[in-house]
Amino acid sequence: MTWETTALVGAVGAPFLTAVLIFALGEHRDAARSRINLAGAALTVVAVVAAAVAARAGAPDAYPSAGIALLDIGFSLRADMLGALFAVVAGVLWLITTVYAIGYMSRASDRARFFGFFSVCVGSAIGIALSANLLTFFVFYEVLTLATYPLVIHSGTPAALKGGRTYLTYALPAGGALAAGVVWLNLIAGPVEFAAGGSLDPALASTHPGALIAIFALLILGVGVKAALFPLHGWLPAAMVAPAPVSSLLHAVAVVKAGVFGIARIVLEVYGPLGHELGVTQVLAALAGFTIIFGSVRALAQDDFKKRLAFSTVAQLSYITLGVALASPIAIAGGIAHLAHHAAMKITMFFTAGAVSEEVKAYRVSEFDGLGRRMPLTMTAFSLAAIGIVGVPPVAGFTSKWLLGVGSIDAGSGWVIAVLGISSVLNAAYFFPIIHRAWFRTPKPEWAHGPAAGKPEGDMRMIVPLVMTAAIGLAMGLLAGVALSPASWAQTVAAWEFPW
Amino acid sequence: MGKVTPKSPLPIRIAALAICAGVGALLSRAVLAIPETESGLAPLVDANLEASGVKNAVTAVLLNFRGYDTLLEIAVLMLATIGVLSLSVTQKGTWDPIAAQADPVLSALARFLAPVMILVSGYLLWAGEHAPGGAFQAGSVVGAAGVLLALSGYARPAWISRFALRAAISVGFIVFIAVAIGEMIAGGLLLQYPADLAKTLMLLVETWLTVSIGAILVSLFIASASPAEELRMRSGGER
Amino acid sequence: MAEWIVRQLPALVILMPFTAAPLAYLLGAKFGRPIALVSALLSQPLALLLAIRVSRVGTLRYEVGGWGGPLGIDLVVDGVAAVMVLVTTVVGLFVTVYALGYFGDRERYRFFWPLWLFLWGSLLALFLSGDIFNLYVCLELVSMSAVALVGLTLSREALVAAMRYMLAAILGSLFYLLGVALIYGAFGSVDMQTLREVIRGDTTGQAALALMTVGLVLKTALFPLHFWLPPAHSNAPSPVSAVLSALVVKGSFYILVRLWVDVAQTAAFPGASTVLGVLGATAIFWGSIQALRQERLKMLVAYSTVAQIGYLFLMFPLVTGGGPAAADAWTGGVFHAVSHALAKSAMFLAAGTVLARFGHDRIEGLGGLSRRAPATAMTFGLAGVTMMGLPPSGGFVAKWQMIRASIESGQWWWAVVVVAGGLLAAAYVFKVLGPFFGREPEAMDEADLDPGPSPWTMEGAALALALGSLVLGVLGQPLLDLIMVSAPALVAGVTP
Amino acid sequence: MSQTDLYTLAGSTLFVIGLYGLMTRPHLLHKVLALNISSAGVFFVLVGIARRIPGTTPDPLPHAMVLTGIVVTVSSTAFALALAKRIFTETGTAALDASDVDVEEDAGG
């Protein structure tokens, strides 16, 4: 094995190995578990970064890969630049989330189960990122589906169980559709490997147009649930019963981004120009545009803080979908960049939700009056992330929206500008009131003088991570022009994805 | 506790009748269509009878050509015995006297008949080589002798331990397997009798099979038909 | 020595448990336990060697008695036979290890060991037999040992279930034997290889096949002849339940497949394969819905078996047309049998652990099990992945092949059945998993909460089987290849 | 009608009679006996088949099959009877379903 393939296998294997060790340790050995978890996460970061380096060195046609024979396609991993971007995002944020979760979960029960399945989820997300073909993608995709379930219902309350059932009711039939689509596609087109610019034979568009459209529908149905595409989004707000680290990493990054990442793979690296020719990407773009508006409007009406964030996620995910569905390299770059940008900003916001609920037991937006005094660092981080999502420069969100806007004109889809405009206004309308309440409303008496003297504003294992992610979000925007930033990386990838 | 109804309800009987009529029709048509020309394996059996080591065609099929069937068949018998023993209330197994008191006439008769039956079984065993007969017939007679003894009040003799009974039940199968493995070690295949030893080995197997079949039949009879046992249970001792 | 072993391999595989069985009976419970364990361990390399040998050289033919078919009886080891032997041997080992802990040295279960070893040997004999009359004897051996094992607890329910099972099994055997008689009468042989050349779909041939099919379907418990299975499989001692669901029902199914696909070639009987497929599909829905309605864990798992058996029968309509679809359906069906064997035995063993520890298996009383018995809850969850057919699991690979075969042969509706069946399976699996991850029932007092952990051998054996069913989903390719070694002509696409 | 036809038809009839008995008689002893009748029917068919070519010595193979079949049937009958008896001692009745049992007036006595 070369160091490239070692990094590739290690990036996927390290989280799974961590999970096995955590399960084997059992419930009561907290210190050992934390050490193993942090070591595993750190190792994973090293491996994904190495895989990204390898991908960049091999791009665009000598990506390192590794695999074994399975069925007619094979079970194989490949470090390419698009996948590496998602893998790095998931790996780095996992390390940060682990610190946060150790703090958040310090008084919760069933910690072995929690951290074990959490690691499985991260491993699956990285596996999804580094899959070389649809079969491998599907395998990790379904592992992710199943491993998320115990996390959603972690508290074991009837409400949690109900949320879990809702989640499965969406996710499992979607898996069935995805399976049928993948099998069918392989029968028509032979083993489908992901390849920049699409891997389907253009001749198929004339020989099997109906089947290709049906398969596209099945595949998008499959990944659309995790991507929370309207009308498949209903599980995401229901899944907010999960503990904060789950909402943060999984429901803002790993799980939902696995869905949009899948859409990107299918649209860009399987169908390629065929999607546009068959007219299916246009439909997808329209659906994404509608989801953006829909999610934002629904977010406005939520008083529950996490639910508001969840509907915001529904809308933001469709920015990515919209980007890859538009026939323009600039828009594609915008979508891919937003995958990383939104991750950093939204995880900050969910970290905030968890820190606030743990420290001052505030769960609703209406309880946030003057919270900025009580938890200044936390609310600063939150405000920064919120501004970013709204799209105010120089935070990261601005860059991706800018690329999307330019790209839509490039693709000749001017209506997208309108969607972006309306959405930004709505984003501002549901986030600015929170910022306003936190900083400008009169605080409760016990909050007025800030945290108790000599004490930090909360568990530092939770505050430090959220400050870090906010800083990362800011950096992604400020340094968007630097060669290794997600935005530049996305533009490099998009250039290959859209050669036509 | 109650009586079992003698017959199922009418709808079930009608349905059963319909099924039986269907199966019957299918079956009759099929048996009548069997051609009168298919000679089957009879010519092959005849051609190889010489090499089988026995003169009776059925015995040759049972012990040599399809000896593997017979090996498994002994396993079925043994299995049934273990099964029956596992169901018997005392699970102690075999050969407690069934009649509470020995009937003098029956006892005298049994004393006379039992040795004769053993002798007969020996003859049947030997005759199986060239005429209808063999281990199963011989074993049945041994079993009958045992049942007769048990019915007429003979308790298990002290020199037959429970281990000895288990040994008697399993010896046929064990010897059969041992011979089969021996043949393999000697360079043949499973149950491939060397031409010169075929007759001897088959007789060896058949002899021990006779012992086992006799013991098995007695055990089957006694383990599932001991009134004394049932009385004990009815008086309320069970579990 | 090595050469001798290779030559005698098919016989050795069968003789191992058949030698151990009478010894375990003769020497009693004290020696029965180590004898069973030694036999189970020694069987592993033999089965593995057999599989390797078959994958290297193709079909092994062993002429018992040195006569060769059709006069004598042949043991025939092709790819699928080797696979079935392998799965029997692996499941057998873990069940044996589990049973050591489960039964302990309780005197009343001393008959378990010889009966179980007999069952083991009978299954191997069945999978290797190349003679339809010999298969009758094997079927009877399997049934009798299985029934005796069901009745082992001597509880009222178990005895009645065993009786029902016994009657169904004997009747099934008689139907089968009648078919054998007709086939011999009309075609003059009971050797499969000979029959393959001469069998025809005339009046007698069709009737014979119909009778045998009815008998075997009854023994396999295909809907609507499944009535005996749920009580028998749920009331048996759990190691026995595991073996029954994992292996025993596959025995009669295996003969059915041999007859249809290998000997008679389904082409001669086109309509019947559709009937079997429809019954299979009905079994999937009926079994799953019944499973959903159960309140006892073992009953739920037993009905799940009724449903999972249905998938096996989808093989028939998909194989009939030949071509690449037939090959996919063949590997899919056999792979399903294998992965279901591992996962279902794991589930029953897990249920047995629960039952042995808490004294009941009411699902509503098992809330929070993942806290009290994490390994057992995990076992159930992992095995559930295969039941649902989700990756990475053997069940997924099997369903992939079945969906593929459906689309390939233009019978897309079977693909819908496969996907829908997976969703129904998810419904009953999560009906159990939800409470496992949930809270403890309120009415529980401290003593109920923790009656003490089970022996690690029990939890470990069950978990190992569940993990095995997962590993098949990623590393299953060698097994898929082995299934196709010397596959029947209809499947391999060779014109006979 | 040839001798073979006579035997095989008689065998078929016996098989069906047994089948009917098995399905319609709730009493376990009846069921076991019904199965025995059915097996006798199968053996008849086999014996008939052994003589299917007129004027030749009977085919030994079906005879061997019958002998094997008889041993198997004896074994399974013995086991089934033991099972039925055990069910009777445990439940006080010899039926599989409670619905097949007439409850007596003085059941308590």
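Annotations for the structure displayed:
Note that the chains take the letters A, B, C and D in the order they are written out, and that residue 1 is the start of every chain.
The rule is simple: a residue touches a chain if its C-beta (ideal position, glycine included) is under 8 Å from a C-beta of that chain, and two chains touch if they have at least 3 such contacts.
Because the structure is a prediction, the values reported are computed rather than measured.
Here the chain at the heart of the shown protein, by mean C-alpha position, is C. Comparing mean CA positions across the assembly, the chain most remote from subunit C is A.
The centroid of the Cα atoms in subunit C and the matching centroid in subunit D are 28 Å apart.
Mean C-alpha positions place subunit A and subunit C at a centre distance of 42 Å. Subunit D has its Cα centroid 17 Å from the Cα centroid of subunit B.
Put simply, the C-alpha centre of subunit A and that of subunit B have 71 angstrom between them.
The residues of subunit C that reach two or more other chains are 133, 137, 140, 144, 147-148, 151, 154, 178, 182, 184-185, listed in rising order. In subunit B, the residues that touch at least two other chains are 23, 27, 31, 34-35, 38-41, 45, 66, 69, 73, 76, 79-80, 83, 87.
Among the residues of subunit A, none is in touch with two or more other chains. Contacting chain pairs (ordered by label): A-C, B-C, B-D, C-D.
Looking at the complex, you find that subunit B touches subunit C at residues 23, 26-27, 29-31, 33-35, 38-41, 44-45, 48, 64-69, 72-73, 75-76, 78-80, 82-83, 85-87, 91, 163, 166-167, 169-170, 173-174, 177, 180-181, 184, 188-193. Remark: subunit C residues 368, 370-371, 374, 378, 385, 388, 390-392, 396-397, 399-401, 403-404, 407-408, 415, 419-420, 422-423, 426, 430, 433-434, 437-439, 473-477, 480 touch subunit A in the complex. Chain contact summary for the complex, subunit C toward subunit B: residues 8, 11, 15, 18-19, 21-23, 25-26, 28, 62-67, 70-73, 108, 111, 114-115, 118, 121-122, 125, 133-134, 137-138, 140-141, 144-145, 147-148, 151-152, 154, 178, 182, 184-189, 202-204, 206-208, 210-211. Note for the complex: subunit B touches subunit D at residues 1-8, 12-13, 15-17, 19-20, 23-24, 27-28, 31-32, 34-42, 45, 57-58, 60-62, 66, 69-70, 73, 76-77, 79-81, 83-84, 87-89, 136, 220, 223-224, 230, 233-234, 238. In the complex of the two chains, the subunit D residues touching subunit B come out as 2, 4-5, 8-9, 11-13, 15-17, 19-20, 23-28, 45, 48-49, 52-54, 56-57, 59-61, 63-64, 67-68, 71-72, 74-76, 78-79, 81-83, 85-86, 89, 92-95, 100-104, 107.
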